[in-house]
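In the two complexes below, chain A is the common chain; its partner is chain B in one and chain C in the other.
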Partner chain A sequence: MATLELSIDQDVVEASERRGRRLGLLFWIAISWVIFVFAVAIFADVLPLPSPTDMDMLEKRAPFSFVHWLGTDGLGRDELSRVIYGARISLVVGICAPIIGLTLGGALGMLAGYFRGRFESLVVGSMDVLLAFPPLILALAVTAYLGQSIPNLTFVLGLLSVPAFMRVARAATLTLARREFVIAAQALGATHARILLRELLPNVMLPLFAFFLLGVAVIIVVEGALSFLGLGVPPPISSWGSMIGEGRQSLEMAPRLAFIPAIAMFLTVLSFNLVGDTLRALTDPRQGAL
Partner chain B sequence: MLLFVARKFLYLIPVLIAVSLLTFCIASLLPGDLAYTILGDQATPENVAALRHDMGLDQPIWVRYFGWLGHVLQGDFGRSFRTGQTVLQAVTERLPVSFELMILAEIMCLVIGIPLAIICAARSGGVFDRFMTGAAFGMLSVPTFLSAILLIYLFAVELRWLPATGYVPFGEDPAANLRFMMLPALTLALAEWPGIMRVLRSDMIATLQEDYIALAKAKGLKASRILFVHALKPSSLTLVTITGINIGRLIGGAVIVETIFALPGIGRLLVGAIGTRDLIILQGVVLLVGAGFVLMNFIVDMLYATLDPRIRHGHA
Partner chain C sequence: MTENTLLSVEDITVDLPTPRGNLRAVDHVDLKIGAGRTLGVVGESGCGKTMLSRAILQLLPKKAKLSGRVMFDGKDLLQLSPEKLRKLRGRSLAVVFQDPMTSLNPVLTIGTQLIETLQEHLELDLATATRRSVELLAAVGIPAPEQRVMQYPHQLSGGMRQRVAIAIALSCEPKLLIADEPTTALDVTIQAQILDLLAREQRRRHMAMILITHDLGVVAGRADEVAVMYAGRVVERAPTPALFKKMRMPYTEALLAALPKIDAAPHTPLPAISGRPPDPTRPLKGCSFSPRCRYAAGRCHTEKPGLAEAESGEHVYACFHPIAAGAGARA
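Showing the complex of A and B:
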């Protein structure tokens, strides 16, 4: 089970190999898939699709046909349009939650890495407490109390991703803050704010963005897991996770009901991982040989 | 060493206090009044007020926190208002199931991951290595609940080799117990082996460049002995670290796996408590899991320091 603990360690051998081959075909296939999923999710309303909530009891678990390209589910709803509308939920939560993590964690990490001292200990210490819980348990507990809704889910998952982003931003800032261009800026009398925003931020942004893509993959998985358990997005909204959960009930009769959203989720998560990992290998500050 | 243990141990105390505070805050500050939940349909303003007073919910939050913490320190985590079972009973009843699941999963994960890593490292850059590295990367993108569904479909629905759900205690019938545990543990192991393989592989590639490996080769030792004994030994540290990092993922994964396979473990207790809004059980389980996780990390740290003297002397 993937959780919010992304490994920051880096596989040196693999990284140099990968960099040697530049981005490669797989990278572009992954990018294309991500763009494709985004496009259909955004234009779902305009596309000539049957409604994802219209039930047709005469057409339960219908096989593939020209009317229902991917057949229908246990309640006679069009599977293709449910997968596409499900993509919306998975992507909205998957993008918005890491944005919360990126903003908060990035800011805290940069401030901690730049100012050091007590503030740094405080930030690192409080993040350690958040990390003291297995992330899924904390997510489950908090959504249970807050109530299941998409904003709540996004907020909780976003908060849980703060420590990971904080670590990446702090590590990058610590290395960068000792570099010549920062010292030069200090010598020229630049204010702290200017150094943080104009000198450090553009450089910290790159590894953070690569990490952001990996975070999206993790959050899509965690949202999927929560929805699969019936503790994520509330019905009748469908996300990939809840569709897989429903499909599980009819695994003997129509396994495709579980496997179609599963494949969509796997390809999307894999693509985000591939793109994120490639970019991370390219932007790791520890290897920024200048 | 003693000093190191003492220092680490002292650090545990504030972390555990923070864990208890956070658990308490989640349960107390977030919306949803316990009294309303317990009374359900019979909630009239008077009833609610009376129950709130009985349970001490009308007192200031810090009084309630210390009261609760006092009970917790005496081993009293409260009692479910639905089943009447105490939290401690419920947890100790289900703990063996979760432990067995996690240990089996970790064993399977090592059994899959270590040999693969060694074979890949021995011929790094070869066809098998490239294939397995790719496969491991792909597996990292397969969520636990997906592999669970896949395994159920394959082994329970299509082949009918193993049961999809159910549980028999190990004491009653060990063979049946292992049959029920097989798929859940394999599901967890499938999610964990890629991490172990990737890290161990690059570790081993570095180790195989060392002079003492060349010496072992020159001495004419068998390749398998060099790979599995000489080269694996320095990686024991890495294995401990990864296993430690895995614990948190395993606990989270166990929640999902226990729910899917209907195993009566801690995870299912938690999900069940959320379903029935059994807030006392929920609070107790979250606290115990959090504290247990902190303690396990402490043990991993200790193990780590025992294996590598540099850490306890603070050079690493």
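Showing the complex of A and C:
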């Protein structure tokens, strides 16, 4: 009996503690890291950094020093500066591409989930086709025909993320559109546009935004993989993926050249995932209860 | 009906295609309601009450087939363009739904939901609409309405939410309010308050009301006329006093007998209606109530009874073996 009571007490304590710091320490560390990466990337031009493209053939693969905090790469370029300028590319692509997916996929998904019928079949069908198409081939085709550039890369990755956002938006809309408040809005004489924008969008936005953060993490990795394969940003510009790719050549002499951008990417992706997951967990039960 | 008729439902039939076959949710229903009057629609779950209200509002599921005529304020709602119909909803026709937990948008403040409805239909500016919202919330008995307009539905209790839903429905001074089981999801203590609120606002605004419920007790003191529905059909319709004094349909009697009575001795078993309503996808040849009816005999099982008139044209019932006049007092 005594042990039973004790365990109940513990549960109560734990539950109140969990309520106390619902977001958790990890969430705040993750948020801090994301803000830090953003700040450094935005203010890269103002920071006292050596140019990321200036080569110094005498200082190839230099170790950590006061001049080069993270050493230099195989062509004598400052590693820290390249990681920071690389963050710009990774973040721009990593955020713009999911925004394309969010807008296009979100709109298509909501329309499909609300109007149903033939339009829904058409949207879902075309998204299935897009999903079945090998993404690397699409990226190759686009870079081969339109050239290797950041807008093209963003566009391809954005297009590839549309089906996932469409599915999230459609699933959320399907369940919401059957709720009584939608019928109540119709009974009050609301137009379709008003129901979609004012009644459904604020509800669908919560899961979509949480998914957006996870999307950012995925796109950063995919951009890295494409750059690693040489399909990403054109050479003089650095991105985390291309840096890992270049570091691969000197993996035996200076493994840090591949690992430093890899760690930066790992921490950023992990942070976005943590923030996205926490926000999703926060929005889910509230949706269920109401 | 001597006064001018506001809404008349003429021979409405609603068919819903289901994987198990055609489901006749509403079967040739005729109803009339005059301006400022209250019509109670009573029946158990699945008897077509909600589908009837959706048919009046033209908010049936897309696959549903509707035939008949719905005349509202001199206009046939079935012939109206979607745009005209939309303007009529909310402005002249309003609804209060059963569950206030789901009939309010969870992510918008109640103020936003009220203000937008007011702006949509009455074309008020934001300041006027906000003032009107606060007045409306005060009118439906919400304390501290200035603070409440900024709150979200989940910050309000069930009864409060239903009051908000009523405020939204009343916001544009509708001519007809359809209350679809407005108290079913609420505490018993709140039920009477909400019904009194509806009755008070109805008198004040001289609006007609259709009160849909499964509880005969709810309509007893509040409706001018009662229609009892069973398996999609109106089986008895009468002015409230006449219905309670001399009910003819055995189903009405059984419904009334199933109500708990305050003066009954403790632990008195409630006479529940045995059996279940017929499967609406497999309509019976005879009277739909015959399998559960204790008076059923002979042609009850082979023929559908039509609506017959009792003493006056206002009291109609569909039964071959009506309860003799005066017998209703026994129940």
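Simple rule for what comes next: the second predicted complex is superposed on the first by the 261 of 290 C-alpha atoms of A that agree within 3 Å, B and C clash if a C-alpha of one lies under 4 Å from a C-alpha of the other, contacts with A are read in each partner's own complex, and residues count from 1 in each chain.
FYI, a contact is a pair of C-beta atoms (placed from the backbone, for glycine too) under 8 Å apart; a residue touches a chain by one contact, two chains touch by 3 or more.
The shown structure was predicted, so the numbers you read here are calculated from the model rather than taken from an experiment.
Peer 1: Check whether A:S65 is in contact with chain B, with chain C, with both or with neither, and answer first, second, both or neither.
Peer 2: In the superposed model, A:S65 contacts neither chain B nor chain C.
Peer 1: Check the residue A:E180 against both partner chains and state whether it touches chain B (first), chain C (second), both, or neither.
Peer 2: In the superposition, A:E180 touches chain C alone.
Peer 1: Counting only touches as set out at the top, which of chain B and chain C does A:S51 meet: first, second, both, neither?
Peer 2: A:S51 sits against neither chain B nor chain C.
Peer 1: Examine A:S32 and indicate which partner it touches, taking first as chain B and second as chain C; both and neither are also allowed.
Peer 2: In the superposed model, A:S32 contacts neither chain B nor chain C.
Peer 1: Of chain B and chain C, which one touches more residues of chain A?
Peer 2: Tallying touched residues of chain A, the top partner is B.
Peer 1: Now for A:Q249: first (chain B), second (chain C), both, or neither, which partner does it touch?
Peer 2: It touches nothing on chain B or chain C.
Peer 1: After superposition on the shared chain, which partner residues are touched by A:S121: those of chain B (first), chain C (second), both, or neither?
Peer 2: neither
Peer 1: Tell me the contact category for A:A141 with respect to chain B and chain C: first, second, both or neither.
Peer 2: After superposing on A, A:A141 lies in contact with chain B but is clear of chain C.
Peer 1: Please give the residue numbers of chain A that touch chain C in the complex, ascending.
Peer 2: Answer in residue numbers: 116-117, 179-181, 183-191, 194, 198-199, 202-203, 206, 286-287, 289-290.
Peer 1: Show which residues of chain C lie in contact with chain A when the two form their complex.
Peer 2: Listed in rising order, the residues are 57, 59, 62, 86-91, 93-95, 97-99, 101-108, 116-117, 120-121, 153-154, 165, 168-169.
Peer 1: What residues on chain A touch chain B, complex-wise?
Peer 2: 1-3, 5, 7, 9, 11-14, 128-130, 132-138, 140-142, 144-147, 217, 221, 224-225, 228-231, 241, 244-245, 247-248, 251-252, 255, 258-259, 262, 265-266, 269-270, 273-274, 277
Peer 1: Write out the stretch or stretches of chain B touching chain A in their complex.
Peer 2: It comes out as residues 15, 18-19, 22-23, 26-27, 30-32, 124, 133, 137-138, 140-146, 149-150, 152-153, 157, 188, 191, 195, 198-199, 202, 205-206, 245, 247-249, 251-253, 255-256, 259-260, 270-271, 274-275, 277, 282, 286, 289-290, 293-294.
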